[in-house]
Amino acid sequence: MKKKGLLLTIMVLLTLALLAAGCGGEKDSKDTAASGSGGGDTIKIGFLGATTGDQADFGSKTLAGMKMAAEDLNKEGGVLGKKIEIVEEDHGSKLSEGVNVVQKLINRDKVVAIVGDPTTGITKAVAPIAESSHVVLLSAGAVGANVVNTEDGKLREYVYRNTLLDAVAAPAVVKYLAEELGWKKVAIVTTKDLDYSVGLTKIFKKALADNGIEVVTEETIMDKDRNFAATVTAIKPHQPDGIVFTGYYTAGGLFMKEVKKQGLDINMVGGDGLLGSTLWEMGGEAVNGSMVYCGFEADPSMAQGKTKDFIERYSEANNGEMPNMFVAQGYDAVMMLADAIKAANSDDPVKFKEEIKKLKNWQGVSGTITIRENHEPLKSPVYLLEVVEGENGQQFKVKAAIPVEG
Amino acid sequence: MSAFLESILDPYYIQVLTLLGVYIIAALGLNLITGVTGMFSFGHAAYFAVGAYGAAILTVKYQFPFYGALLAGGIMAALAAVIIGFPALRLTGDYLGIVTLGFGEIIRVVFLNLDITGGALGLAGIAKESSIVLVYTLVLVTIYVMYALQNSRFGRALVAIREDDIAAEAMGINISAYKIKAFAIGCFFAGVAGALYAHLLLFLNPTDFGFAKSFEFLCFVVLGGLGSIPGVILGTSVLTLAPEFLRSLSDYRMLIYGALMVLMMIFRPNGLLGGVDLQRLVFKNKYKSQAGRSTAAGG
Amino acid sequence: MLLEVNNLHVSYGAIRALAGISFTLNKGEIVALIGANGAGKSTTLCTISGLIKPAQGSIMFKNMDLVKMPPHKIVNLGISQVPEGRRVFPDMTVLENLEMGAYTRKNRSEIKESLKNVFQRFPRLEERKHQLAGTLSGGEQQMLAMGRALMSKPEVMLLDEPSMGLAPMLVKEIFEIIKDINRSGTTILLVEQNAHMALSIAHRAYVLETGEIALSGRAEELANNEQVRKAYLGED
Amino acid sequence: MDMSALLELQNVTIRFGGLTAVDGVDMKIDRGTIRALIGPNGAGKSTIFNIVTGIYSPTAGRVLFNGQEITGLPPHVITKKGIARTFQNIRLFGKMTVLDNVKIGQHCRSSCDFLSAVTGFFNPKVKKEEKEIEERSLEALELMELADKRYEYAQSLSYGEQRRLEIARALATKPSLLLLDEPAAGMNPQEKQTLMKMIRKIQDMGLTIFLVEHDMKFVMNLSDRIAVLDYGRKIAAGSPEEVQKNPDVIAAYLGKDVD
Amino acid sequence: MFEQQIINGLTLGAVYALIALGYTMVYGIIQLINFAHGEIYMIGAFVGVMMVTILGQGFFVSIIAAMMVCMILGVLLERVAYRPLRKSTRLAALISAIGASIFLQNAMMLWKGPQPVGFPQVINDAIYHIGSVEVTKVQLIILATSAVLMAILNYIVKYVKIGKAMRAASQDYDTASLMGININRVISFTFAIGSALAAAGGVLVGIYFNTVEPLMGVMAGLKAFCAAVLGGIGSIPGAVLGGIFLGVAETIGIAAGFSTYKDAIAFSLLIIVLLFKPTGLLGKPIQRKV
């Protein structure tokens, strides 16, 4: 009986603490919201993404980049004399919560812009809300179709993104594969439960056909698969020159491990979903020679200027961990917004969104960005990176910088 | 009405509350199946998904009027329930539970692989039709239907099946027919809720309808109190709003959510309102003098 | 006095199964509890063995109150129950069932000794010691259940409806064995619907009616009691 | 075919795995009579009840009711044809009220569909039928002297009351044949007396009664005819006097020295 | 080719079987679907990784350590989340299990992040040829370890006192306590054994797939539970059979080109088997008790 009483007390206390915390949080946001909307001393930028759940890594990394940018800006006195404040919310990769988060950021926290979501699905789902609420939504990761425009092709005025678009990069890379590396036959591996991968496969297939590369076999896997023995066995008899892998790095690394294990001496090429040290943490030596494209010079030996400085500062602050694409794009997203606000001399989204449209050859840590007529970003050049054995273990090395044009 | 609400509530509240309404409709459907009739169903999200995708495909790809699609979503879910129910309802207890769970997963995998659902790319371009007023009107309709059902001869037969299926059969109740009917009606409401969900969130993705969602529905019902309509509404509200309340805990919120589930079960094993008969509580005297028609709330 | 049950109340939810019964068991006795179905006989046994917790009352055994003890401790004290309907472990062999009976004992040679005794008393069990208990006939299962209880070397044996569902001839045999077990020093509390048989071997008996003790006394007195003859011996 | 028999079992046999629980039993129960089935536990008495009410399907043999074959029909159909039962180990709907338990008994005599359920609060037809159900249920409860407990939960009744409620619930199905499985079990002598009177009253209403019971006094007093079962076989049948004197019965069941 | 896939299937099946055993034993005694069992498997895998990366231990020490840690965890889990609900409805315990599962997943994600963690190579890539079939050393070790663990379990359940008590309790809970068996201790022991096997499964899978992650227990747990039901829940040989059956069927399904339907294969099989044999392959038929 005693035990039960104790547990009960603990539970009641816990609940009270939660409620108190909940109310406290509300109060905070209300206070600042009041001052914020009245042209107070902060500019609020919301973060939309998952910091819990199995896709939390994208969200957490984007958030880390955003915070770093906010710090950098605030150190120099903020924007228009106001501090940048990042309001962070987690949706655990649940669509319904993502919508709740956006509503909360806009209506309770009164943010002027939202950075996120790193994935296409949720960005697409919340884009109409941002549009109708006149709040800028800048995705630092969504690469799929119908983000900055609606399904029927209408341009959204408040929705932008700063990522390298696969539709731009993949054809350039395929051209390189055909012309420089002489690939003639490839196998495509699609991660069927990832919208990113399904979309990228479509783009690759068109580009391959345009460049006269034959797709000898198409295989599908699931992102959570960890055992690719059967799939690789199926590819083996086709003897392709290489593998186009459109999924994420965990599966990619493990897939290559199996490829090499089964004695196939070929490499894979893929999009920025493969960009991360996880690739060799999973694949080991098997990923040496694998190629990844991105708009970001993630090669510390080659990186220059802003990017070099960014990489150094980030890894210093994070026990030597290299920033990945999401960190860089999260950082750039906040910086882009800041520049637009400065240019408009106003933190009113109605005004500064016009300045985002005008960004041309904007130098970010994740590459050079131009916002085109169709609101889509153009990053040039596209870096084709290769995994090589470096001084401190495996790393990405720039194999080619392919210029692209809109 | 909607305009009025929007003027006094901010869209965040409206969004959260509307979603809560949608979940209440689905949870009340599950309550009829599990709470009233005593059949385990660990795959409720599948019927929710059938309704969501069914209705969304009709409005997006075939330009169906929304209300027609709403009804069609419910009917498709009920049909799916009948198809799986005929063979599966012979099983009882955990076996029925695991088969429904398996069916739920199969539906999700099928939706992921079909072209018409958009697969992993999801289904977008759905028009916003589910207003808070519409959703809560339907919540009221659902509550009324459930209340009327539970207090009818039909509901009495279902409770009898839950309490003792052999005795119920011996009293002349065709238990398989009733089980199928209850299952279909419960899933109909899941389907309607799904259709509302689709036209509220405007984007569908198969990963949102896995067994985690099914268990979420089950938790709404069990935590509120099996068989108790107010209990289910309370349970759904607590569990839907808890993650919103727990936001301030950021990364710890799902951890605490899990712990709360364990603690709530330990201290209220019959659910928050399980074993509390509100009718008896409120109408204590009246109940004694008047012919009562309530069947007991289960526990 | 070996076992003293005092003012025992047991309820299942709203249903009252025992409404304050008291009785005693002396060393070396066979005491029978007789009464109709649902009168509370089995409930009484299960409360003594700890499976059911009473709402009120005490069960004193060797100056200890059993009410607060879990069943496995009660077995350790020397009280062993042969449950209603035998309840042998059907998917274990006869030998394993008997070993389970000796679960609380540590001394291997003593256990072996008890096993020998049980096999002596029930030769049929030895013949079938590697057979699964579920395949035994009703009578054999009853013997196994009793043998299993004896394996814990109990001071008190609680027997719940040993004659239930057995052919009359077997019933006689079982009751002979009960008498024999008692003679070798085990005190027995017997619950039985077959009042006739129960009264024929018991020293004393209590008559239970809807959770209360209606009558008690020496067995032969009760067997001749008008009321008992009418109600429980099927006579006019 | 003998049309005077309400229920007829022809060579009914059922096996579970290797065990023959009921072995070639023939039986005829005449209209308006009280028939008892006795025998040791495990003799197959309840199994016969389960076969008659359709819970088990016999391995061989036929069951005729009103001259119509009902072998293997599902229980709810058999109930509708007019056979009702009680259970050896009480099977009430514990979390329903006493009144609702009896109302369930009327289920097969009333109409009930989704539409009438949903419109129940304002549909006069449904309301009227519900009222009739309630009236009939109260009649059955009054007969079993339980009317004043109608709003209590079934699980809160005493053992004897629960047994009577089972009978009331069975009566509510409007049966012509009532199967009682150990109705007096767990009752004290006075309760048994009352029950006997009630059963007689039920017989006077024109029902045929088929019962399994261990209490010999109860059986001998009440029954018109008795059949004795041992190891699944019928070893004797006849009037109470005949059965009591039958040497096989004495040896197998009653024991030799019942004086 | 076919034989090759059978070997792949057997390896996967052996792991499913190890996890399924825990489900089946717990279910056998307290009729609880321990949904947090998959998380125990996941934690076992993480302990294995940490033993190798942080403490630099080899395969053998790592797997033993993982088993020990999970034993304690399993017992704790039962104490905290299930024991207070022993007398409550089945669904209440089930919800508690789901809550515990969410808690453990998120605890691990908070600690180690949601990202997969690579399992360092502790066993070399050697390949053995048996006839036309290639077997990797890892596969052999998985098969051998599973076989040894199952043999030990079999020995415990058949010949060791507490193992026999476990069987007795699963056949008749009350009567077992009348034998002087401390039911609580038997249940704790069951959780300990089941959790240890799951942990071993986790380490083996980590080595086989070269990676571990906080959500790895979700699908694996569900599938192992399917395996247990498929074989006949409560039956120890049933769990082994169900696990192997599922592993082989799934591998053949992938080989036949249904990789994206992989998760549906397991559940479809389960449904088909249950429709024809409602208590699973080796389950005992339930007789309607009236």
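Residue numbering begins at 1 within each chain, and the chains themselves are lettered A, B, C, D and E in the order written.
Assume a residue touches a chain if its C-beta (ideal position, glycine included) is under 8 Å from a C-beta of that chain, and two chains touch if they have at least 3 such contacts.
It should be emphasised that the depicted structure is a prediction, and the values quoted were computed from it without experimental measurement.
Asks: Give me the chains shared as neighbours by chain A and chain C.
Replies: Under the touch definition, chain A and chain C have E as mutual neighbours.
Asks: In the touch network of chains, how many steps separate chain B from chain E on the shortest route?
Replies: So the least number of steps between the two chains is 1.
Asks: Looking only at C-beta pairs in contact, point me to the busier pair out of B-D and C-D.
Replies: B-D
Asks: Whole-Å distance, chain C centre to chain D centre, using C-alpha means?
Replies: 32
Asks: I'd like to verify one number: the distance from the centre of chain C to the centre of chain E, where each centre is the average of its C-alpha atoms, in whole angstrom.
Replies: Chain C and chain E have C-alpha centres separated by 41 Å.
Asks: Just give me the whole-number Å value for how far the CA centre of chain B lies from that of chain C.
Replies: Chain B and chain C have C-alpha centres separated by 50 Å.
Asks: Could you please state the distance in Å, as a whole number, between where the Cα atoms of chain A are centred and where those of chain E are centred?
Replies: Each chain reduced to its C-alpha mean, chain A and chain E end up 36 Å apart.
Asks: Multi-chain contacts in chain E: which residues touch at least two other chains?
Replies: Residue numbers touching two or more other chains: 106, 260, 263, 288, 290.
Asks: Please set out, as single numbers or ranges, the residues of chain C touching at least two other chains.
Replies: none
Asks: For chain A, which residues are shared contacts with two or more other chains?
Replies: Residues 52-53, 192-193.
Asks: For the complex, give me every residue of chain E touching chain C.
Replies: The touching residues are 161, 164-165, 167-168, 171-172, 174-184.
Asks: Hey, which residues of chain B end up touching chain A in the complex?
Replies: Interface residues on chain B, with respect to chain A: 10-12, 14-16, 19, 112-113, 119-122, 124-125, 128, 197, 201-203, 205-208, 243-251, 253-254, 256, 260, 263, 266-267.
Asks: Could you list, by residue number, the parts of chain D that touch chain B in their complex?
Replies: Listed in rising order, the residues of chain D that touch chain B are 53, 55, 74-76, 79-80, 84-85, 87, 91-97, 99-100, 103-105, 107-110, 112-114, 116-121, 126, 130, 133-134, 151, 153, 169-170, 173.
Asks: Which residues of chain C touch chain D in the complex?
Replies: Spelled out, the residues of chain C in touch with chain D are 13-16, 36-39, 138, 164-168, 193, 196-197, 209-210, 230-231, 233-236.
Asks: Along chain A, where are the residues that touch chain E in the complex?
Replies: Touch residues, chain A against chain E: 52-57, 60, 192-193, 219-222, 224-227, 229-231, 233-234, 250, 254, 257, 261, 278, 281-282, 284.
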